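Both complexes below contain chain A, partnered by chain B and then by chain C.
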Partner chain A sequence: MIAFFGRSVVQKSITLFFVSVVSFLVIHLAPGQPSQIDPLNPKFTREVVERMRQQFHLDKPLHIQYLLFYRDLFTGKTVSWKDSRPVLGKIYERFLNSLPLFILGTLLTWTFSFPMGIRAAIQRNGPFDKSTTFLSYVLISVPGFFFAYVLIILVVTHLNVPVIDMQTFGVTSDSVMVLFMDRVWHLVLPSILGATGGIAVLSRYVRGQMLEIIGMDYVRTARAKGLSYDGVYYRHALRNALLPFVTMFGLMLPGLIGGSVIIESIFGWPGMGRMAYEAILARDYPVILTLNFITGVLVLAGTFISDLLYMVVDPRIRL
Partner chain B sequence: MKTITTAHTPQTVLDLDLMPPSRSPWSETWRLLRKNRMAFSGLVIFAIFFIIAVAGMLLTSGRKPVLDPAQVRLQEKLRPPMSVPIPETVVSGTAPILGRYLLGTDDLGRDVFARMLQGAWVSLTVGFVAVGISVLIGIVLGGLAGYFGQRAIRVGHILSWSLVVAAPILALAAKPLAALLAAAGALAGWAFYAWRRRRRGEPTPVLLRWLSWTAIGVDDLVMRAVDIMLCFPSFFLILTVVALLPPSLYTIMIVIGLTSWMGTTRLVRAEFLSLREQDFVAAARALGLSDLHIIFRHIMPNALAPVLVSATLGIASAMLTEAGLSFLGFGVPPPHATWGNILSDGKDFIFDAPWLTFAPGIVILIVLLAFNLFGEGLRDILNPKLRERN
Partner chain C sequence: MASSTDIVLKVEDLRVQFHGDGPVSRAVDGVDFEIRNGETVCIVGESGCGKTVTALAVMGLLPQPPARIAGGRILFGGESLLEMPSSGLRALRGKRMAMVFQEPMTSLNPVFTIGDQISEAILVHEAVTTADARRRTIQLLEDVGITDPGKRIDDYPHQLSGGQRQRAMIAMALACGPELMIADEPTTALDVTVQAQILQLLKRLQQHSRMAIQYITHDLGVVATIADRVYVMYAGMIFEQGTTGHIFNNPRHPYTMALLDSLPTREKRGQRLYSIPGSVPHPAYKPSGCPFHPRCPHRRPSCVDAFPEMCDYGEGHLARCPILYGMERDSA
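Moving on to the complex of A and B:
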């Protein structure tokens, strides 16, 4: 156990080091300089550009820049080039905006996909199974940006509810209820869009797991004993089919910071994905690199947690 | 009735009429594909899409295209689908095909049908080239990891290869002395290995022994590279690189290909690991066949089925990524139409001109659906465990 712990920490730190090097190189070796972002702007005189280059260490060789950047990151001193605010504070602010989207999306995904997958498995090749299979393929294939506009057209024309941004512009009301419902309406569409792909993939996965378990000998034995269908499926089969999904809690971790670039830009939602997009447009290297680094940490932590959880729920696994 | 009998016992051993007819693997796959309705319709749609994309490329390119996707007709802007052009305003030679705007016109009066045709070719090439790149990398790396996995990369290997890479870089950076030194070092490394090969079995001199220390196994190296790549959020990484590089179709294809090879690598490695231990590979090795011959002639054909499936699904996701990039305004530069940028240009008019959103959206949906259905169907068909009798 301790050996497993130590081994993964060492291995994951090495991986993280290479992730940081690769992302740093990708960004800094790309053609173009952040100091030349707007050559037509008359405020960018030669002295200003030179001062910027010095201030952001851009005149130093690459390996020194790398060390300086990660020293600043670990001491929490990194500032955004765009507005000179601390990067971690900026990310935290946006993270709080993305969090409700993530939570609602995840809840929708899990509450819909499990019943769908289980029912499809139990009624294998029946009409419900066939239609949900086709529906999942449609949901996987539909481009998020197209689906978003279809939903916007439907909601705006038929329900007369504004949906862009986090709340309706200039909404003021004494009633807390009105403000709350306004928030909820703005939250619903982006979370549904975030959940569609997840529902499609996860329900297929649940169905596959369930089918595998239903084919097992002990399920047939339980049926032969005369237990009811419900007893067999929900007590014997479902518990075992759920095992691999425990590990998914770990793998969900990177989703916390992901945020969908496309969906957040369509809905004008000031979340993480939108921040990443704006940072790329502005060549705000500290923000891009910090986001990349945090994602890397979360991916590695997620795999580690899922390994641990698997070990806890499945006594056959010993690492 | 044809029977095979043996000389000693006159009883029937094999009744050929009662045996199932023998089929080649290809005809068997085809037969199963015909039976799987969803997968077969996916294949049919894919074939139609392929023909349309090629025809679209031919019709919309050249100096005087039959359908000009860049023809601006400001008087004809935002005409709905199937509308007839206003006769007075049409300049001769620029009238749409069949005398109608089949899918309407956009805010500059350009024919959406022609633009969709042009975009079809973009989607097709991005899908296939990107997946081709990623499958190629995946097969090479996965094959290396699976077949040569236990071999060690020694300190000397790393040193001489990094010198080989460093020499031209230094030469390009106008540092001739350093470049010469690096080249000399690489040459020395090569000479060292040639000398070791000639005198196999003799002990290496103590001074050079550190060159033979094991640094990392081949399998470890490839799998760690996969782990590193999986740490990047893929769409964000693609977006970053595409945004920083000058916009072009080729950049997108290459970047999507270079960031999506991890799945194929894992698949190919797993297949190679299990196939390497099979008897037919041992037999091939006993016959004295070379490693390359064994890999490409004997192992690869058996490992290709899952790769084919993941490539089919990969094409769909590469197309979706390209459409997403175009939608965000990156990617193929503006006058060229792609499905993503038609949709993105149309979003300002979703209530006045919904066809600008629905035409590309529905077409992307149908094509992706076809690829996904075909890929998943192929997975079932190529998996002998799931195959039913007959």
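Moving on to the complex of A and C:
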């Protein structure tokens, strides 16, 4: 066990180092420079550009820039080039905004996908299976943004559910309840939209996995024992069918920081995804690289958690 | 001759078809057989002749669709299984009839201990406490010859060898003391020494109870070791039936003879082993007349059209070849 921990930490540190190098190089390979962001702006004189280059160490060789950046990152001194605010503070603020969207979206996705996929598999080729298959493919094929606009039009014209931003603009009330419910209503549409795509894909995956397990010899053995329908499907088959999803559970972690660029942009949601998108457009290297690095850490932590969970649920896997 | 009350399982004119893309496969095409108390009956035949499908039909484990039972009756202890509601069938399965499958590697659930899986079979059918079920499971494991059963009971299938897993499967089948055990090639995936041990085990277990065994195999060596009576199956039909002595000493059907000829024996040492030309017909494209005629050395022109009826040689020895039957009567 201790050996496993030690090995994981060493392996993952090495991976993380390469991630940091590659992401740094990729950013610098991209054409353009932060100092040339707007050549037509009269304020950007040669002197200003030169000063910026010095201030951001852009005049130094690449490997020095790399070291300087990660020194700042680990000492928590990285600041955004755009507004000179500490990057970690900025990310944390946006993270809190994205979190409810992520939690609700994920919860919806998982609670609907599993029952749907399992039932479709058990009643293979039945009416339920056929209709959910059709629906899934419709949801997978229709682009999310198109679906979002259709929903927004419907909701705005027929229901009084507010859709844009995290709260109604200029809402003030003495009642905490009113403010809270305003927030909740704003959450509904983006999280449903975020979940539909996930449900369409994940329920297919659950169905496929379940179908594969139902065909296994040991499921036939369970039936030969005289077990009931529930005993065969929910005890013997489901337990095995769920194993791969344990891995997915760990890999969901990076989604925390990624957010959803499209959904957040459409709904004007000030979340992580939008911040990353804006940072890329502004060539705000510190923000992009910090996000990249945190995502890397979360991916590695996610795989580590998956390994541990796998060990708990699958007796064949031991360290 | 045993009285009819002794009969555990009686299958009459069973027909199973598979409907998929393309023509209908008649995997089992009118099979009759019966098994009496305490008897070991072997169903022998090449791969793809319908042995396993017959067994699964008896257990009610055929996946429907694609399979469809197109006709016939299955009587277990006098009750018709095909007309029984699924709840009644479930109460029988695992309790009064049990099945051991071909692949011990994949027939046990990898995420439960073997103790869980065996005691589950007891708990489903009997009102006993978990502790009692566990005690009985340990006893069962000991009965099937697993050493140190008190410790092995908490092992997962992957921690056991192939032979031990098959023993665990047999223990699971025995859990409720069934009247009939269907063993579908239980030793095919095991090596020869383990195979001999498993066969001995089955014989020994049968002596303690009055359990009947329907043993499905393509291995005539195994048949000679354990069978009381034998049914030879080909293309979804019974081609010959009789006691083990009848079949091995006095085969009356060209197919049975050909099967026996392809066995290696001491006399045939160094010679090229006989093999039946051609292969088992696909169940969707069976030849007309006698399904065996394209491969038969005694073929007559009439075999192409005339469907062969069962010919009775007495003492329960029947064979589906009117040509040989006619020749024998003429010479007598």
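Things worth noting here:
Just so it is clear, the second predicted complex is superposed on the first by the 298 of 319 C-alpha atoms of A that agree within 3 Å, B and C clash if a C-alpha of one lies under 4 Å from a C-alpha of the other, contacts with A are read in each partner's own complex, and residues count from 1 in each chain.
Going forward, a contact is a pair of C-beta atoms (placed from the backbone, for glycine too) under 8 Å apart; a residue touches a chain by one contact, two chains touch by 3 or more.
In this text the structure is predicted, and so the values were computed from the model without any measurement.
When the two complexes are overlaid on their common chain A, residue A:145 makes contact with chain B while staying clear of chain C.
In the superposition on chain A, contact of A:315 is made with chain C only, not with chain B. Using the contact criterion defined above for the overlaid structures, shared-chain residue A:27 touches chain B, although it does not reach chain C.
Touch criterion met: A:240 reaches chain C, while chain B stays clear of it.
Looking at the shared chain after the overlay, A:180 reaches neither chain B nor chain C. Of the two partners chain B and chain C, more residues of chain A are touched by B. Shared-chain residue A:295: touches chain B; no touch with chain C.
Once the two complexes are overlaid on the shared chain, A:74 sits clear of chain B and of chain C alike. Here chain A touches chain C in the complex through residues 216-218, 220-228, 231, 236, 239-240, 243, 313-316, going by the rule given at the top.
The residues of chain B lying in touch with chain A in their complex are 38, 224, 227-228, 230-233, 235-237, 239-241, 243-246, 316, 320, 323-324, 327-328, 343-344, 347, 350-351, 354, 357, 360-362, 364-365, 368-369, 371-373, 376. The touching residues of chain A, when paired with chain B in their complex, are 14-16, 18-19, 22-23, 26-27, 30-32, 134, 137-138, 140-147, 149-150, 152-153, 157, 254, 258, 261-262, 265, 276-277, 280-281, 283, 288, 291-292, 295-296, 299-300. Of all residues in chain C, only 59, 61, 90-95, 98-99, 101, 103, 106-113, 117, 120-121, 124-125, 156, 158, 169, 172 touch chain A in the complex they form.
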